[in-house]
Structure formats: structure tokens, C-alpha cells
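Read through the structures below before going on.
Next come two complexes, and both contain chain A; in the first it sits with chain B, in the second with chain C.
On to the complex of A and B.
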């Protein structure tokens, strides 16, 4: 699908994407919130927390996007985050390891548990959502059990040097020649941007990324063209687990402690971001910037509702509705792509291939 | 072809049955017989009704190759709605309690219609409706608990018993029997299985897969409504936590019970037995005074193991099809993978 779209004019291509639409909506919302509630532009109290959650949830969205790129899902994204974060907490609290070593251990743990899901999917051929759902169940039980056994008060609170810098500082604490950075921009956006760039580079410029997308758009064709699809599936799930663990780290660094509750709110957001941004559920097409914009939009709405004093329950209802609307547009986009097929009875690729219609 | 009846004598259900017996016996021994006194037996069966019902609710969607993440939130939302209807709007207790069934079925119908309309994985659709309903449930009750004293007559049903076993357990069993008959003896039931087993073949045979999906989600929602009704009758009150812990057990029961995750098969006795096993694990947890997360861990690990073992089931099924013995739909489905 990507080569097709590349043939269109650049402008038309940009305008036709959901990203363009998202950007317009985001700008409109910012203007609306800012004009109705001037407090919205308060740097340290509104913008900085908003950007912090954008940074965290963008990584969550990218974790989901990794598996969506091969047409799979990761329902355990939140639990993988809490699993990875648990190892980081243990590294800092029990083993007194420095920041980066603990981070590495946690990321490896996340990647391992993700890779295990991927391996099970590739080996058994069972649907990824069932495998990852089962994985999430096992981890939902394991993580709090381990916390209650190992941590006092069910949280690891030891802070290695540097953790607060990543999670809580803004550019205001970086001064150069008497000029300090804005306090509205937290440090945490830097690693998030780096992650976005790396993921974007992976898909746009590397052979590996292309192979992942090929696997996503048509497993059979990919296998026949010599791509080791089994290994790519494991890789996508492992990277998903790794990014989930990284998001868990970001969340823990911003709240200041490692708890079993990390990742509880990840699952819905992880799907809403990529889907709004144009990533296809069916696999084979991703958008890093779209995922970012999708996350920005939902968190912006959340922050706006906060400012208007609207409760969390309304937010849930809205998020669910946004997801359904995004789904319907996903469907419409898909239909537009397949306009040549007169009557698409099912999205099921099999049916389209094998149906005499 | 009579899979449900025949499967009772297959190894999986015998294994499950043996685990139930051994587990119950072990619990009886560790509790020095306390597990078998009448209060404890009544409690056991009272709180077995909901796991069976939500397991069946999940099983119906699995049968057509769908799933329903909103099981818990449909239950929570409908029970809270019934609570609010009775306590705040003065609706009579029975009408309010039975509204759970109607609302549950309507939500299921909406789920099914959305799946058919958007053509997107039922998982995502039900994830969205789950979120919406959780918000709505919280919006209805907030942080308060509506006490069951408002619906004494319904609550009395929760404590009534027949032949020494709570009536609400019999309700769950009745639902299982109805489902069993529906899947084996009605045209619609066979259509659902056909759509789940092989949508292309079913479509070519003139079965509307869309209709099957909508019916399965509606029945699933209805069963969640029954579970919610049972909760109203057995819990001392309803609040935002009702339904919060239903998701795992709703999947655990059919998966451990032997339902093919790819659709096309049901295992009603297996689901009921597996729900009983999960309930036993929960009882054991209470007996040994472990943290509730242990149950999740054990059940989750078992589910993961069962899913991983699906490979072996598929291999076995593939062997079976080479020497055709019984043309049960499940063998065909699994070998197609």
C-alpha cells in the first residue's frame, strides 16, 4: 500500500492523511482551550505535565504500533510495562545498581516477555490477541505477587541519581550564559523524541523495518519472498515489550516510584494513538508521527476536560467513542483503498482472495 | 456431530472432572472438613454461578470466532443501572433486576452491530464499549455502594436454595443446558458454529456470518445480564467494583474448558467444569490466606499454558483428519490453521 500512496503528489498525500486532520483538530482544540481557559497556557502546571504524559504515552503507542505493523496486537502492553518496570525497581532498590544498568535490565525483561509472546504466536499459530491476553493474565498475577514479596509497601522507592532529572525536571534547570530553558518543556520529551526517531528510521530506512511491514501486509507473500516471518514476528513482539518497559520506566520516573499499578491505563491509549494516526489494524502500514499526534489529541482532550472540571468517567466514555469513530474511519479508509473491489463482504483477506465475487 | 454430548466422555472433560474432585477433596482435607459444611458449600455454589455465566458469555462469542472484552463492564454497568433504577427511580425490585437482562442484550446487540458495521476485530470494538461502559458505571454510582436492602425480594432469591444448592446456581446450570440445546439442536446454533468454523464455507452455504456475529454478541450480552442479575441477588450491594474481576475468569473457563479459540466449537460442560476449578483455586486461596493476585497468577499461567498447548491439540487434530473418524467441526477448524 505504501508504494501506491507514494505516487500521489506530496501535498495531496499530506492532506489526505489522518495526520493532517489530527493536526488541524489539535490546533483548533489548543486555541479553544486557550481562549476559554487562559490557565491552559500555564507552563509548569498545564503544559509541562501534558508534555510529560505525551512523552510517556507516545512510547506506549509506539509499543503497540510495533505489533500492529505485522498485523498483530499486544494486549499485555500495560503488563509488560509493569513487568519491565518491576525489574528496574528491583535493580535500584534491592541491588543498588546505577540508572542505566537498571534501565537495561528492565528493558531486557520487557523484551524477553514480549519475545516469549511472539514466539508462542509464531510457534502455535494462535491469534496474537489470545496469546497476549493470556500473557497479560499471567503477568497481572505475577507482578503484584512479586511486589508484595519483595518490596516494602508494595513499591520500590529507591531513586538512583538521574531518575528525577529524566522524570521531573524541565529545561528550566539547564542554564547557559545566564539564559535558562523554558520551564514548560520537561526533559522527558528528549528521550521520547529519540525513540520516535529510531522507530521511524527503523521502518523508513532499514531492511528490517520493510520486512516487518511486508510480514504485516501479507505473511504468505513475505514467507515466499524469503523473509523469515517467524523471526520477524518474535522481533516485533520483543520490541513491543521493550518499548512498553521503557514507557513503564518513564511513568515511574515521572511519579517517582515503581509500583504494580504501572501500565494499568496503557492498553486503551496504546490502541487509540496508532489507530487515530492511521496505522492499520490489519498490518502493513504504520505512522510514527500519526501515533504521536493521536496520543497528543487524546491527552489534550483529557487535559481540557480536567480544566473544565469534568470527571474521569466522562473521559472514559469519550475515549471509547473516539476509538469507535476512529474505527469507522479506518473502515472507510480501507474501503476507499479497495474501491476497485465492488462489494467487500469481509475485511478478511482470505475471502477477498478466494471469493468468486 | 453431537459434539457437546460426545465431548463429555472425551479425555479433556474427564481430566477436568477429576481435577474438580481431587481439588475439592484436597480442600476438604486441608480445611479439616470445614470445606464441606453446609455454609461453606452454599457459599461455594453461590459464587460459582457468576463464573459459569460469564464463562458461557465469553464462550458464545468465541464460538463465532469473536471475543467480548466488555463482559465485566456489561455486568457492572447493568447491575449498577438496576441498582439506580430501584433505589433512586422507584422501579419495582423485580422489574429493575430483570432490566439487567434486557440492557445486557441491547449492549451485546450494539457490540455485534458495530463489529459488523466497522468490520474491525471484535476485540477492539468491545475494548471501546468496555471503556464507555466503565465510564457510565462510574457515572451511575460514583464511589457509593447501593445496598441490597433496596431489593429485599430479589436478594431473598440469592439466599434461597433448592435440594441444598443455591437457586442462583441452578439458574446458571439452566442457562448452560439451554445453551447446550441451542447449539446442538437449533438451526441458529448450528449456523453460529458454522460461521465460527469456516466463515467462507458458511457464507457459500447461504449462512449470514453477519447475523451469526450479531446473535453471538447479543446472547453474550444477555448472559452477562443474567450474571449481573445473579450478582444483584447474591451481593450485599452494588458499586463500581462489580464486574471488575470478571474478564480473566470469563476467558479462563472456556479456554481451559477446551473451546477452540479460532471459533467453530463450544464446550459447555468443559466451561462449567473449568469455572468450577477456577472457583476452587479461589477457595484454596481464601483457605491459605494468600493475596488475591495469586489466583490471577495461577489462572493466568494455566491459561497461557493451555494456549501454548493448543499447538499439540492442532497436531493431534491434524492426525485425526488423516484417518477420518469423526467429522466434528473442531477438527476441521484446527487443521485449517
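On to the complex of A and C.
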């Protein structure tokens, strides 16, 4: 194969991915919203809040993607966020711990509750849908009860030093020689990018990541290949819980306090991002960048409609319609590609049949 | 996907996104310490009234806002209820309105413990901010003012009225909204205070919370409650809108001798008061909140006035409505709205 053919192959492969399609739609929407509503490019009031939401929900999407990689799902992703965030709030409010120590405690709590779900799935063989649904109900009861018992006004409001910097500040807070960073880029994007790179590295460069994907592709084959699938299932759920707790932390730092309501809005987005981005519900195939782009698309649509002052009912209808169109167009594109491949194969077969040699 | 491709694509996406964001953003000049404090005309003030989400309570804000715009010569007025009871969505809505040129905000914060952070951000951008219909939790209010029903006092009044209707003794149940909302905790405290004053003559069943999401949820909860304990309950006090409407209908249909005190002045509740199936309701003053709130926001936004005490809390009033005053209570409420406006003009604002 010549380098030119190889290059064409790579280009064709990139164009064929859902990520490319999402990127095109996102760029088109940015151009459309920006040209019709110049306020769209307002740094502090549109771009920065949008990037903050993207950072939070990308981590939520990655939390779901962790379990999707093994062919499972986590319906308790929002409640795990709330559970982990509650421990962080307790660490800051009741135990007066510093930012990173409290964060660590909350992440361990999130990972523990996620790991428990994974252990139940692996030990009992009950579908993850059922186990995580049950877990979400248990946490829906437990978390508000704990808040009522431990927090004044059902919220932990103590703010350790640095919490506001992560959740509310932008690079405009960092000044040098009379010039400050852009006010359109919030600080929160930095930890979110680090998380994306770590998760990407896990799946792309480590044996553990490959074992998770193989468990998702075919659990029996993975077990026969010597992969400890039970432990991998526990690990995937624990990492999902950990990332959910981290997203809870991001949300609390951006809104201002730790409340039982954290994570209420996570479930739908956690699925929409990865699935729009090409992650398979059946497991074995994930896309970190696709999850990011899927989240960007949905939040961008919402922001654009907000800018146009669309009412709540119309907003929900339009959001649903646009997502259906986005998903269907992607499916149509995939079917068209399959049909063209089939046609090429048929042409090749005819040529071979017609060959006298 | 091949592993090398995966990491490559993550890195490329992150790099492209970062470059795009940086390109759009650019650097900013450090803010100078001098502030431009010259007053502007009221016509340059665009007021946004932002409830926590869709709820019948806020519907009078639309007309009250439009009246305020006309009466006070404001430059613009909008009502946006797309926050959907989520604080981060409400922050998004407020930011979008600011990007669209709105420069004065009357906000019902979804999360009383978080809303101060939002107020602080708005204030730092030089906007006038009023906390309407709900004040932030805790002693600090980072908005310019809070114009709201004193929810604990209103719940206490409702509790007292119910106990009075019950003849001073019996079994009371309290129906209310979102348990994790600190305002709900204040309402619970108000009703408990009224019960405690009976020295044990009135016992209270566990509070029924989280049933104000919609009317169907409230109807189901009230039906379950009456089916299980309808025979023992002698009084119901509802401090949330949907449970009040649901209870008014259910108590009437069941024929049980339960004294009900509701909240707000929905037509169903007012009709039930007239026919005697509901003893009383505690009406609030949403019109006063939006009308007077918009007036104050206009004065503050145009820099004609400042608050004498920033973050001051003002009770917008609560009114016990019984069969005796069901046709006249609105006059009392309109008088309160007028009084509130004069209170701001004469006592609370410092004008040039």
C-alpha cells in the first residue's frame, strides 16, 4: 500500500467516525448561533458558563462510559455523585478538612458505592440495570436523610480555600503585567481535560483498559482468555462511581454548596454524551473524545435555544427533536456507508466472476 | 477502536477545543479600581424576572412585570421560567439573559444555599439584583435586597389557623414541598412551633414532603394519606401549592370532617373556601414581589438610588383568607403592595 493510499484510508476512517460528524454539526451550530445572535460570543456570560457545564457533564459522561465499556449501565450515576459529594461536604463542614483531603474522601466514597454495585453484579449475575436502579433508590432515601440529620438547612455550605477558584473563577483571575487571562475559559476545564486524558490513556495504553473492553465485547471469551472479568466489572463500576463523585464535586464547586440535589440532572446526559459520541451500549467500544463532543453538542443546543428565548415547553420539544435528528442522521450515514461498502464488494465479486483466469 | 487512535483522537479533540476556546476568548485587560458611578435613565434598564422553574405561583409575575415596565418607564422586561428547578440551569438562564442585554435581575433562587454565589457573580458585573419570593439561606444575602414572604411566619400562621379550626386539639398533618429545600425546613419549623404551643393537645403526624412537583403527584399522595389515616386526621395544613389544591378537592370529595388550611389563592381553593370545604388559605403577594421588585431594580440599576442596608430582607406579606374575607382580601393585598413601594422609597432606598 502506498503512503498516499494509506493517507486516504486514514482520512476516510476519520470522516466515517461519529466524532467527525459531531464536530461538523458543532461547528455549524456555533457559526449559526454566532451569526444570528452575536451575544453568543460573550465570554463571561455564554462561553464560560457553557464550558463549565461541558467540563462537568463530560466527567458525568465518562462515568457512564466506564460501565458502558463493559456492556453495563449505571442508573445510579446521579445518586453516586450526590453520595460522594455528601462526604466532601461533611469533610469541609463537619470535620474542617482541607480541599484535597475532602475531595479524596468523597472520591473514595463514590468509588466504594460504585464498587459495591459492581460486586453485586459480578457476584449475583443480576443485570446491572436492576442493581444500579436498586442502588439509586437506596441512595435517594439515604442521602437526603443524612443531610437532614447532619446539615443545617439540608446543605453543607462551608467552603475550603480553593473551592471557589475551581468552580467559579476563570483565567481572568490570573493577571501578569496588567494583562489577565481570558474570562471565557473557566479554571474547571483544566481538571476536566486531565480526567479526559487519564481515561483516554487508560483505554488506549494500558492492559487494564484493553481487558475492560474485552470484558465488554464478550465476557465469556474474556474469561476464557484468562481475564479476571469479575474484578474488571467491580473496577469499572468503582471507576464510574469515582468519576460521578468527581462530577458532583465540580457541580458543587460551581453552584456554591453541597446539597442532596446534586446529580439530579446527571442520568440523561450521562447516556446522551457517550452514545452520541459513538460508545456502544453493548460494550467493547468507547470514545472519550466522542463523549466530550456529544456533551458539547447537547449543551450547545440548549444554550443556543436559551439565547433565542425559547420557552420551557418548546425548549424541551426542540431539544428532543434535535437529538433525534442528530442520532438518526448518524444512523442514516452509517447505513449509507455500509450500503456503499456492500456495493463495492458486489462489484469486486462480479469482476472476479467475469475474470476468465 | 485502535488504542493509538483513541489516545490520538482524545489529544487532538482536547487541543482543537482548547485552541478554539482560546481563539474565541483572548486575553483581557486587568480591571481598573476606578468605577463609573454615573446614573443612567430608567429606559436603559432591562429587568429579567427569573423564577426557579415553571410553577403557577409565578404566573402573576408576568403581568406585574409588564405593568412595572409601563408604570416606571423601564427599557425592557422579560420573564424566564426555563430554569427547570435546577440551580446550574438557572445560572445558565441568568447568564444568557445577561448576554442578551438584561442588566437587572429579580430571581427566585432554586437552591437557597447556592444562590448567594450567583448573586455575587451578578453584582461583580455591576447588575442590580433582587432576591424575590425566597431569600438565601443563612444570615447573609449578597443580593441588593430580598422581597419575599417570611415563609416560617406564614407557615406558623397557617398552623395556628388550622389548630383554631380543629377546636384546639386533634391530629394534624403537614403537606409540603421539596424536603431538601431550606425554605421547606423553615415551613416545617413554623408549623411545629404552632403545634408546640398547644402543649400536647395537638399531635402531628410525620410531615408529608416532596409532593409539590406536580398536581398528579400531590393528588396521589393525598389520596394515599386519606385512605390510610383519613379517619384519625382532624386537620391538614398545606404549605405548598399543588398539595393544597389536591387536598382541597380530596377532602371535599371524601366527605371527611377534616379542617384544611391551604396556601395561595388558586381558584379551586377560593371556591372551596366559599363552599366551606376549606377553612382558610394563606395568600402570598406574588404581584407585589414582581411589581415593587422591578421598581427597586430600576432605581438601583439606573444608579439613581442605592440600598441603605444592602441585603435587607423585606416581608412581602401573607394574608389569612377565610369565608369572611374571601371577596375582600385582595384589597388588603393591594394596599400592602402600595405600602411596600413607599417603604422602599422612603425608608430603604437612598436616592440622589
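The rule we apply is simple: the second predicted complex is superposed on the first by the 300 of 357 C-alpha atoms of A that agree within 3 Å, B and C clash if a C-alpha of one lies under 4 Å from a C-alpha of the other, contacts with A are read in each partner's own complex, and residues count from 1 in each chain.
Going forward, a residue touches a chain if its C-beta (ideal position, glycine included) is under 8 Å from a C-beta of that chain, and two chains touch if they have at least 3 such contacts.
Quantities reported herein were computed from a predicted structural model and do not represent experimental measurements.
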Exercise. Is A:47 touching the first partner chain B, the second partner chain C, both, or neither of them?
Worked result: second
Problem set entry | chain B versus chain C as contact partner of A:29, first or second or both or neither | neither
For this session: Of the two partners chain B and chain C, indicate the one touching more residues belonging to chain A.
Result: C
Exercise. Touching A:157, do we find chain B (first), chain C (second), both, or neither?
Worked result: second
For this session: Using the superposition on chain A described above, determine whether A:315 touches chain B (first), chain C (second), both, or neither.
Result: both
For this session: For A:307, select first, second, both or neither according to whether it touches chain B, chain C, the two together, or no partner.
Result: second
For this session: Would you sort A:148 into first (chain B), second (chain C), both or neither based on which partner it touches?
Result: both
For this session: Classify the contacts of A:208 with the two partner chains as first (chain B alone), second (chain C alone), both, or neither.
Result: neither
For this session: Indicate the residue numbers of chain A shared between its chain B interface and its chain C interface, in ascending order.
Result: 144, 148, 311-312, 315
For this session: Give every residue of chain B touching chain A within the complex, in rising order.
Result: 67, 114, 117-121, 123-125, 127-139, 199-200, 203, 209, 248, 251-252, 255, 261-262, 291, 293-301, 303-304, 306-308, 310-311, 314, 337
Problem set entry | Footprint of chain C on chain A - complex, ascending | 17, 19, 37, 39-47, 49, 51, 53, 56, 144, 147-148, 153-155, 157, 164, 168, 171-172, 175, 178-185, 189, 193, 196-197, 200-201, 203-205, 209-210, 251, 254-257, 259-261, 264-265, 285-289, 292-293, 296, 302-303, 306-307, 309-312, 315
Exercise. Once bound in the complex, which stretches of chain A touch chain B?
Worked result: 73, 75, 120, 123-127, 129-131, 133-145, 148, 267-268, 271, 275, 281, 311-321, 323-324, 327-328, 330-331, 334, 345-348, 350-351, 354-355
Seminar exercise, completed: Residue set of chain C touching chain A in the complex reads 1, 3-7, 9-14, 17-18, 21-22, 24-30, 53-54, 78, 80-82, 84, 86-89, 91-93, 95-96, 98-101, 111-118, 121, 125, 137-138, 179-182, 185
